[in-house]
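Pasting the structures here.
Both complexes shown next keep subunit A, but they swap its partner, so subunit B is in the first and subunit C is in the second.
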Partner chain A sequence: MKFTYLGEWAMRFDLVIATLGLLGGVWGLWKKDGRFLEFQRRSLMLSCGLVLAATVTLVGAFFLHDFSIRYVANYSSLNLPMGYCLTALWAGQEGSQLFWLFVLAAFSAAYLWVHRRDRSDIHFHATATVLLLIQHFFLAIVNFASDPYVRLDPPPADGNGLNPLLQHPAMAIHPPMLYVGFVGMAVPFACAMGALLTGRLDEGWIKKCRSWTIFAWTVLGVGILLGGRWAYDELGWGGYWGWDPVENSSFIPWLTATAFLHSVMIQERRGMLKIWNMSLITITFLLTIFGTYMTRSGVVASVHSFARQPMLGGMFLVFLGSCAAFATGLIVWRYGALRSERRIESFLSREAVFLFNNVILLGLAFAILFGTCFPTMYEMVKGTRISVGPQFFNRVTIPLFLILLVLTGVGPAISWRKATGSNLARNFLTPAAGAALSVGILWAGGVRHPKAAMGIGCIVFVLSCLILEFYRDTAARRRSTGEAFFPAMGRLIGKNRRRYGGYIVHVGVAVTALGIVASSAYQVEKQLELQPGQSARVERFRLEMVDLTDGVLPNAKTVRLRLNVFNENRPMGELVAEKRLYEKTEQPHTETGVMARFFYDLYVVLAGWSGDGTAMIHVYVNPLVSWVWLGGGILLMGAVVCLWPK
Partner chain B sequence: MWIWVALSGAAVVYLVVTSIRGTELPYVNAADLPASGPRAVRVAGKVAVGGIESEGPGDVSIAFLLIDERGDTVRVEYSGVRPDAFREGAQAVAEGTYDAPKAVFHAELLQAKCPSKYEVSPPAGVRPGT
Partner chain C sequence: MFVAEVSASLVLLHLALFFPAATPQPSDLVSEFMCPCPDRCGKALEVCECSDAAGYIQELMDLRSRGLSREAVREKFVEKYGPSVLASPPAKGFGLVVYLLPPLAVLGGAVLAVGVARRWKRRPVGAPKVTDADLKRAEEAMKKWRS
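And now, the complex of A and B:
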């Protein structure tokens, strides 16, 4: 179709615009010439518009089934439901790269708009230069290495169809959220580099940078959880996190960004850790690029990986190296202006706790990165292959996560500079006693899993620290204003959104942690063989098989298992699990049956069947899985409180 | 203070690097399996065309021939939920132990991937244009 050439040429022409804009920006920064900087700003805006055109056109080609574009022919077909014509955009390599570029353009445009009043500030323009530079790299990728607009002549009558694994509602949200989270880290990086370029190293850039980081961090965090949710619903192994290289590569920058969000507070309050913060935001950005590289170049074997593309991989490595060199060079150049104004006075201070939290977070990031890359490094050095599995990750990360959890409670309550004995006793005696008591009660009640008991103890400690903080501050406000409890708490949060939003985020983290501890330590798995009318018990549940039927969907054949579920002898309803066989790709697909309740999930997979109507069923009872998602919701809420404009 | 930061950082790095020993699983070629003994290993390769023995898509226990990258084959037996991507010609990784007397690899874990991962080849009979 003719209109697709518009999108294609927008993508090609944008290379010229981005190059001109970049040259103008560099010249303008060097000569401090406002006219060139304004030229750069307009070029960046135009460039964002062109990227938008290129992306919208490709999506349009999917909706109109224009199979003369190879990418559309490869990832869709005539019978693909309308909704998935949009998600097919990020189903493959070329489209994903264009989508990355699109998200970056959207962020650049948002940056220009949000800070539109700072146009007289040179830092505003320097940041735009860095954004344009990153945009330029991805433009080069889609134009030269991974072109979504390659044509087929003559066009095929029908396309290859979309991978059925990707035909799930979560696929409409999870990849875009991860992309937004990943790409969003480019803005704080650009802010930091802009500050280094212009020498404007006061608090100004940090204030700007912080909000953008919180935004990207939140979206990335929720995106990771949604990915877990997708794996849980779709893959049928009863879990939500498998330490897959691609899961890891999204989690690592999230950890370093968490470290940055904490240590940057020390810089704001106490003028310390300036080099550290510059390095952290640089590392976070590099890790997002590295994560994209790992997924896209096929260098690491994973269920997510795309086919190996050496040219693309090479371009990513060069870009990664240049960014690292660029940032290091700037930090060394501005070394004099980045020295600390003060020293940490005591181990028992918020500064020290935050610093320790940074060490743990970076340790976690290193551990996960090391475990993810070790097989590749090992193969390069020794020539034989090994795999590093969940066993390694669990052994290494569990102790670090436990320490981090305790710090989640300590950090918000301990005083700056130097905590006194009475401050410590006032804030931590009750939570510590509560934690000890709850572990004791659990132990008496038969919970003998040492790691789980420790985990739950830590979580009780965190939650009591936070509740105590909320309660004390609200009580203080009530004494001075005479308001009722909840209005007082609401106003308190409204008055200091950053602080209390942060506390709410911590509550979310603790709730998610509780879900993870309970569901990984106390999962029950059982395999059943049932015939219609027969029933079996799993824990306190009785599952009665109704029938096994064949069915037909528009693009797939199905075998459907129906079960009646009873809790003790109280009926809970019907549970359905399916195996689907998609026509186009002939790939079987498992549809799990999940009955989600507040305290447990009943999770059923149809593993197989035989000619006489016997069904082979895997049943999992997963305690507190909903709390993992619930915690994500609380985290999101806290972040919204933090970011809500004044 | 920075000394303590460096020390705790070093402790974490030490923990990580030493933990990898003992948790890693080696990949073994089909020909070297008899020498692997009773320990858990991984075998990777392609599922042989015509090599899957099972009653149909509903069968839980399967046996198949896996061809490794050198072209050697090994018989793999597996019982459990079959990965959706598992079929003839698919890339598969089996984790488990080798039973030398029976010359069978008992897989505890089976992973599979579409032959070309998520990249698909262009529709047949069509040459790429510009």
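And now, the complex of A and C:
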């Protein structure tokens, strides 16, 4: 279809525009010439528009089944439901790169618009130059190495179809959220580099990039949780996090961004850790590029490896190295201006706790990164391949997560500069008692799982610290204003959104952690073989098989298992689990049956069946899984409070 | 505060009463292995959806039901499919690096952070240079604050 040439030409022309704009920007910054800087701004705007045109055209080609475009033919088919024509955009390598570029262009345009009043500020233009530089790299990729507009002549009558794993509603939200989270980190990185380029190293750049960082961090965090939800529903193994290399590569920058969000507070309040903050945001950005490299190069095998293209690896590595060298060079150049203005007065202070929180977060990021890359390193050194699976990651990261949890409670409650003994006793004695009480309750109840008991103790400690903070601050406001409790709390949060929004985020993290601990330590699994009319017990639940039937969907054949579920003898409803065989890909695919309740999920997988109608069923009882998603919702709410405009 | 701790206790009580101590599950053994399929999919066996995965799990269960210890099952699998079938690298030789380096890095980071902070404590850091523009901004802020 002819209109698709519009998108292709837009993509080609954009490379020219971006190159000219970049040259103009560099010249303008060097010569401090406003005309060239304005030219760069307009070029960036135009470039964003052209990327939009290229992306919309490709999506249009999916909806119109234009199989003359190879990418459309490879990742869709005539019987693909219309809703998945959009998700097909990021199903393969070329479209993913174009989508990355599209998100970056959207961020660049948003940056230009949000800070439009700073056009006389050279930092604004330096940031735009860095954004344009990153955009230029991705434009080069889609034009030279991973072209989504390659044509087929003659076009096939039908396409190859979409990977069945991607045919899930969460896949319409999860990948874009990860992309937005990843790409969003480019803005704070560009702000930091802009500050280094222009020498504007006061707190201005931090204030400017704060909201962008919180936004990207939140979206990335929620995207990771959505990925967990997708794995839980689609992969059929009863869990949501498998320490898959690609999952890891999205989690690692989230950890370093968390460290950055905490350490910038020390710079704002105390004028310290300036070099550290520059380094942290650089590392975070580089890790987002590294994550994209891991996903795209095929260097690691993964449940997410939909789109491998080893030749791209080299380009990513060169870009990664160039960015690292560029940032390091700038930090060394400005070293003198980045010295701390104050010193740490005591190790019992909020800044010291934040510093240790940074050490633990970076330690976690390193452990996960090292574990993810170790099989490749081992193969290079020893010549044989080994695996680093979930067992290793659990063993190495759980102690660090426990320390981090405790710091999540301590950080908000301890004083800046120096905490006294009475401050510590006042803030931490009750939470510590609550934690001890909770471990005692578990022990008395016969639950003797040491790691889970420690985890739950830490979580109760964190929640108690945070609730105590809210309670005391609200009580203080009530005393001074005479307001009722909840209006006082609402106004308290409204008056200092960043602080209390942060506390809400911490509550969300603790609730998610509780869900993770409970569902990992207390999961019950049973394998059953049932015939219609037969029933079996799993813990306090009775499952009665209704039938096993064949069915047909527009693009797949299905075998559907129906079960009646009883809690003791009380009916709870019907559970349906399926196996699907997609026509185009001929891949078997599991659709789990999940009965979600507030305190547990009953999770059923149809593992197989035999000719006489016997169904092989895996049943899991997963306690508090809903709390993992609930915690994500609370985290999102906290972030919205932080970001809410004044 | 009381409400928070009571709520937390109720949740814990619920866990203690309805989900008593986790018993070893079949998946505990499966979780020690990666999928050894010819495609080298690189997925943990309990997560893997490939068509061969169910066969490998059954093979594990058969070995276990023949009375083989966990260790013996591991050895049999390594013998048959190579070291990459294990979900954790061997804790010997170069494989030890993956276990030692992360904790050492955290420890090193903590020691470095303490060392740097101690140096800061000993050495008074110079006050930031205050320019005329800074003074002017401060005066304006004071005026605004007073008004």
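Everything that follows uses one rule, which is that the second predicted complex is superposed on the first by the 642 of 646 C-alpha atoms of A that agree within 3 Å, B and C clash if a C-alpha of one lies under 4 Å from a C-alpha of the other, contacts with A are read in each partner's own complex, and residues count from 1 in each chain.
Here is the rule we use: a residue touches a chain if its C-beta (ideal position, glycine included) is under 8 Å from a C-beta of that chain, and two chains touch if they have at least 3 such contacts.
This one's a predicted model, so the numbers in the text were calculated from it and none came from an experiment.
J.: Put subunit B and subunit C onto subunit A via the superposition and say whether they clash or fit.
T.: Aligned through their shared chain, the two binders clash on subunit A.
J.: So, A:Trp237: does it touch subunit B (first), subunit C (second), both, or neither?
T.: Touch status of A:Trp237: both partners.
J.: Determine, under the contact definition given at the top, whether A:Arg491 touches first (subunit B), second (subunit C), both, or neither.
T.: The answer is neither, since A:Arg491 touches no partner chain.
J.: Give one of first, second, both or neither to describe whether A:Ile456 is in contact with subunit B, with subunit C, with both, or with none.
T.: Touch partner of A:Ile456: subunit C, not subunit B.
J.: Answer with first, second, both or neither: which of subunit B and subunit C does A:Lys32 touch in the superposed model?
T.: The answer is neither, since A:Lys32 touches no partner chain.
J.: Looking at A:Arg119 after the superposition, I want to know if it touches subunit B, subunit C, both of them or none. Which is it: first, second, both, neither?
T.: neither
J.: Scan A:Leu152 for contacts with subunit B and subunit C and give back first, second, both or neither.
T.: So A:Leu152 only meets subunit B here.
J.: So in the superposed three-chain picture, is A:Val388 touching just subunit B, just subunit C, both, or none of them (first/second/both/neither)?
T.: both
J.: Looking at A:Ile441 after the superposition, I want to know if it touches subunit B, subunit C, both of them or none. Which is it: first, second, both, neither?
T.: second
J.: By the touch definition at the top of the document, which applies to A:Val605: first (subunit B), second (subunit C), both, or neither?
T.: After superposing on A, A:Val605 lies in contact with subunit B but is clear of subunit C.
J.: After superposing on the shared chain, does subunit C or subunit B touch more subunit A residues?
T.: Touching more of subunit A: C.
J.: Give the one stretch of subunit C, out of 9-17, 81-89 or 135-143, that collides with subunit B after superposing.
T.: The stretch that clashes with subunit B is 81-89.
J.: Which subunit A residues lie in the overlap of the subunit B contact set and the subunit C contact set?
T.: Comparing the two interfaces on subunit A, one with subunit B and one with subunit C, the shared residues are 236-237, 303, 343-344, 347, 352, 355-356, 359-360, 362-363, 366-367, 370-371, 374, 384-389, 391-392, 395-396, 400, 588-590, 607-608.
J.: Would you pull the subunit B residues touching subunit A in the complex into a rising list?
T.: Residues 1, 4-5, 8-9, 12-13, 15-17, 19-20, 23-27, 42, 44, 55, 57-60, 80-82, 84-85, 87, 93, 95, 111, 113-114, 116-120, 122-123, 125-130 of subunit B touch subunit A in their complex.
J.: Where on subunit C does subunit A make contact in their complex?
T.: Touch list, subunit C to subunit A: 1, 4-5, 8-9, 11-23, 25-27, 31-32, 34, 40-44, 46-47, 49, 51, 54, 82-90, 93-95, 97-99, 101-103, 105-106, 109-110, 113-114, 117, 120-121, 123-128.
J.: Considering only the defined contacts, which subunit A positions touch subunit C in the complex?
T.: 235-239, 242-245, 271, 300-303, 339-345, 347, 352, 355-356, 358-360, 362-363, 366-367, 370-371, 374-375, 378, 381-382, 384-392, 395-396, 400, 430, 434, 437-438, 441-442, 444-449, 456, 459-460, 463-464, 467-468, 471, 514, 518, 521-525, 527, 539-540, 588-590, 599-600, 607-608, 621, 623-624
J.: Quick one: which bits of subunit A touch subunit B in the complex? Just the residue numbers, please.
T.: So the residues of subunit A in touch with subunit B come to 67, 70, 73-75, 91-93, 150-156, 158-160, 163-165, 236-237, 298, 303-307, 343-344, 347, 352, 355-356, 359-360, 362-363, 366-367, 370-371, 374, 384-389, 391-392, 395-396, 399-400, 559, 579, 581, 586-590, 605, 607-611, 616, 618.
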